[in-house]
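Letters A, B, C and D mark the chains as written, and numbering starts fresh at 1 in each.
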Amino acid sequence: MALPEEFHAIAERVNNWGRWGADDEIGTLNLITDEVVRAAVREVRTGRRVPLALPLRQDGVQTGMIPGRIDPLHAMVQINQELFGPGTVACSDDAVTMGLQAGTHWDALTHVSHSGKLYNGRPAQTVTAHGGAEFSGIDKVRHLVSRGVLLDVARARGVDRLAGGHAVTPEDLESAEEFAGTRVRTGDIVLVRTGQVRVLLAGDRHGYGYPSPGLSVRCPEWFHARGVAAVANDTLTFEVFPPEIENLWLPVHALHLVEMGMLQGQNWNLEELSTACGETGRYTFLLSAMPEPFVGATGTPVAPVAIL
Amino acid sequence: MALPEEFHAIAERVNNWGRWGADDEIGTLNLITDEVVRAAVREVRTGRRVPLALPLRQDGVQTGMIPGRIDPLHAMVQINQELFGPGTVACSDDAVTMGLQAGTHWDALTHVSHSGKLYNGRPAQTVTAHGGAEFSGIDKVRHLVSRGVLLDVARARGVDRLAGGHAVTPEDLESAEEFAGTRVRTGDIVLVRTGQVRVLLAGDRHGYGYPSPGLSVRCPEWFHARGVAAVANDTLTFEVFPPEIENLWLPVHALHLVEMGMLQGQNWNLEELSTACGETGRYTFLLSAMPEPFVGATGTPVAPVAIL
Amino acid sequence: MALPEEFHAIAERVNNWGRWGADDEIGTLNLITDEVVRAAVREVRTGRRVPLALPLRQDGVQTGMIPGRIDPLHAMVQINQELFGPGTVACSDDAVTMGLQAGTHWDALTHVSHSGKLYNGRPAQTVTAHGGAEFSGIDKVRHLVSRGVLLDVARARGVDRLAGGHAVTPEDLESAEEFAGTRVRTGDIVLVRTGQVRVLLAGDRHGYGYPSPGLSVRCPEWFHARGVAAVANDTLTFEVFPPEIENLWLPVHALHLVEMGMLQGQNWNLEELSTACGETGRYTFLLSAMPEPFVGATGTPVAPVAIL
Amino acid sequence: MALPEEFHAIAERVNNWGRWGADDEIGTLNLITDEVVRAAVREVRTGRRVPLALPLRQDGVQTGMIPGRIDPLHAMVQINQELFGPGTVACSDDAVTMGLQAGTHWDALTHVSHSGKLYNGRPAQTVTAHGGAEFSGIDKVRHLVSRGVLLDVARARGVDRLAGGHAVTPEDLESAEEFAGTRVRTGDIVLVRTGQVRVLLAGDRHGYGYPSPGLSVRCPEWFHARGVAAVANDTLTFEVFPPEIENLWLPVHALHLVEMGMLQGQNWNLEELSTACGETGRYTFLLSAMPEPFVGATGTPVAPVAIL
């Protein structure tokens, strides 16, 4: 079953292959220039820092529905061990096993392929078990700091959370932008709040994943037009689920990661940030959201922090 | 074998137990106030971002000498898998197993205990295999952004790296401060460069670990006096190794983590930062170094970024 | 809350501490002598082999209720990788992370302690994160082959499976013995079939674990009297769950593992064996059920095979 | 670079594709019939059991040279945890991460492919990160018990171990057979002792792996002619290393696993068995060597036991 014509039409309009050279591995992150960062820094007013990651724990986000994507298993390899003899300073060490996409994470550009291709036209087969992604592994992202903009779609619509299955449209984004009193610009990292993570925080993991509000297939063009560097939201699936177009699964993933070369973030907890922005009426801030540099990885846990 | 009197005398002078209340779990991070962060942001001049983490890979930092502390094992659980049927968008997912202290990391306050105690006087037994650290797990650190100061001891002494076994003293720190033309102040995160990571980058893992330059047992008092929030350096052992005082192992760990309640970072790659600071002559910057919020963990990988 | 007097009374009657010397680490496995094995071999009639392990897979036995006990995560580290150059023989390698008690397993004698003690009177504190169990780790079991006897309690009672909460008593065991036309003797490995694993095989993991039929607190004395070397059954909890005596949790574990020094097996699939034995009317066989020699481990996956 | 003509000529002579039907997934294990097992059982004389597995530990066999194949990391998730309240029976649980081919193991038939094919002509692409091997995963082996024959090539030649690089030939096998006073027959599991594991046991992991004695490319035809069901030895590489024919890497793997569909075992410790057989002059026994049923796995740890 091929992807529908509609998908390919959008793909053509947002495609960035070659835009930053044939060797490029980071896509729209190229839009975050030193100048963009200097301007981002000027957004800081109070110095308040708001963390956006969910806790990493065995009893976390996953339900077992996605094969292999396990929540962190934390285990101890040393507990108060007097490694240098009785009465000496004692050490505790721990180890963890986890799916790199299990909690609050960035998808690397290689997290999906379509029609046999990855970002910048590279063959899908360059992702192997032997070292992971040869190109555009998450370790190729050297830094990820820019202006963050919270598009609080839920709050702008006056609800705690959008209904499951609500497709967030460009019109929703623009209403949220207007509500925020700002305008998304080149190099921004856009955080789209649906409120869906409240389902998870209330203890309903299955309900969190499905049905879920999320981005419409129409959003990538909007992000493309605005020159957005990266987008994250507070859902498991990122895009609306079930999908808008029958049998067209994960089109937003394919458009962002493969066509545009734009990182996506999922399972971000935007609740505290929403409250903080709501209090001041300012929805822009400095955002630091560094990937862990797992070599060849197709995703990474991230502990983002907004500096208001 | 008890810890020597000399150790206890220093411990008494730097002890912070109760300073931020009996319930406190984050120690000197309390010194990073909103005001400190606002001032830190003003250090940004160029917008250049310098990453400070080593790549996370199986062929990483560890030699197998520290039991259980394994370099990341990266493995694939999906590769271009058409989860929704033939011709659909295809997904790649990966999983990792690693020691939380294996690469560029922060020690949590619970990483060591001495005399049966952890930071703030809690019993060492509150670290268990069942959930890890009940108190002061790394997840208790909600954010870690402040002014960073590079004390480039190697460069200040005109060498590429300090000799193995060189104990970095408060006098070394003050010379580096003078060289940097700045003064360490309350809430700063201090990065002490020895240049030792060059041994690792040159491919000699064993030589990197031992013998190693590192902090002298006299440094904690200096950090205490200056109100430093956290300290990191570019070595495996953090403190000088072998130790200065025979049979007194890891005294700096015990003073920082247990007595002061101050986070320590190890295996930070400060080479690019040293070059960047050397070019401009400015050794202060905004530093974001968020822990991954592993619940109950005694350490965490971190991908710090300096914003110059 | 101390353990009740009733427990201690049984404990005294079944205690084997010192029976095989103060240094012994394998308990009742000492009862399997060369002579016992020679006799066991004589039980083989048809040469038919029946496997007793459940498949090891991510979608396995566990529900997440037991912290840290995760089903196997299987991941690839090489897939058809031509490690020696294009066109050469290609290799596939995999890695796994799992709880050692997650699937069909043996509990090591150190899997539980009570009143601060392990088998043979050793302190519970000899189990640490640094190397696991200093004594009686599963690697101390060098071999585990003996006569197996299926006590098919369910079949003897004419049911597919015992009801959840049914406590299997010594009288049940004797009825099953009579039904089998054999008598349990010194060095035997006894397999007690409740039929409960049918709940799991039918897809109900939660129902499998609770409520569950299982051994009564009165069984250990029976096994002790008969000189049984090891016991396994087809349940998650091994003993009846919820327990027979209010607030007395896991008494059978404590009696078998700590007091008697007798290995226990759980999650064994006895369905095919039940059918095979039912066909021939013979319930004795040669059983090989080797632990994997994980050093210091408190349990191990096992793939037992009955040779009929 | 294609495989040489010489390889293909042998391949043609030993090929078993279709021999047990197009659907077969276990190859030469089909040769172990009930009758073979009944005869195998008759080999038991003393009842002595000899374990053949190396301990599973972090400080194990691997050197880090084979990417992703890590020795077991053992970690604790519960230590004497009173899960049901203070004073109750306390539990210890552990978890492990390991390469399935790291220690004493069986290669599954899918461990290698050549020319894009697996055993029975299946495409190599049926091994994926999503579930591993679709066909001939190690879980397809339901039982593995048969007569074992120790071909003690080292002892037959009067040496402790064969020299590194010594290719064990069919002539060597026949001399060892004669020395053993037996004849390898259909359904046997053949254990070839080189003595190389003594290098490992003496603490030299690198020397153990390379250079290594091992099977010559001429052996598969001999095993084929005799109807051998499976072969294991006491080396890391199984076949002689470096290889006999320049640039022909792992030909024996390809012939055994792909062409013949015959399991191979590596890193078996045959030292105690050699001594035991040497004492009695009998080199045949009952062998139980059950794989752990990891679903879709291309290998498995195994704890074989010989019953003499």
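Criterion: contacts are C-beta pairs under 8 Å (C-beta built on N, C-alpha and C of every residue); 3 or more make two chains touch, one makes a residue touch a chain.
Given the structure is predicted, the values throughout are model-derived calculations rather than measurements.
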Are the two sides of the chain B and chain C contact the same residues or different ones, given that same means over half of the numbers occur on both copies? same
So chain B and chain D are the same sequence; what rotation in degrees superposes their CA atoms, nearest 5? 180
Using mean CA coordinates as chain centres, what's the gap between chain B and chain C in Å? 45
In whole angstrom, the CA-centroid distance of chain A from chain B equals 27
Please set out, as single numbers or ranges, the residues of chain A touching at least two other chains. 67-68, 70, 73-79, 92, 94-95, 97, 128-131
Which category does the touching pattern between chains fall into here: line, ring, star, complete, or other? complete
Across the complex, what residues on chain D touch chain A? 67-68, 73-77, 79, 94-95, 97, 129-131
Residue positions on chain C within touch of chain D in the complex are 1-3, 33-38, 41, 44-51, 53-57, 66-70, 72, 74-80, 83-101, 110-114, 124-125, 127-129, 131-133, 139, 142-145, 247, 249-251, 253-254, 286, 288, 290-299, 301, 303-305, 307
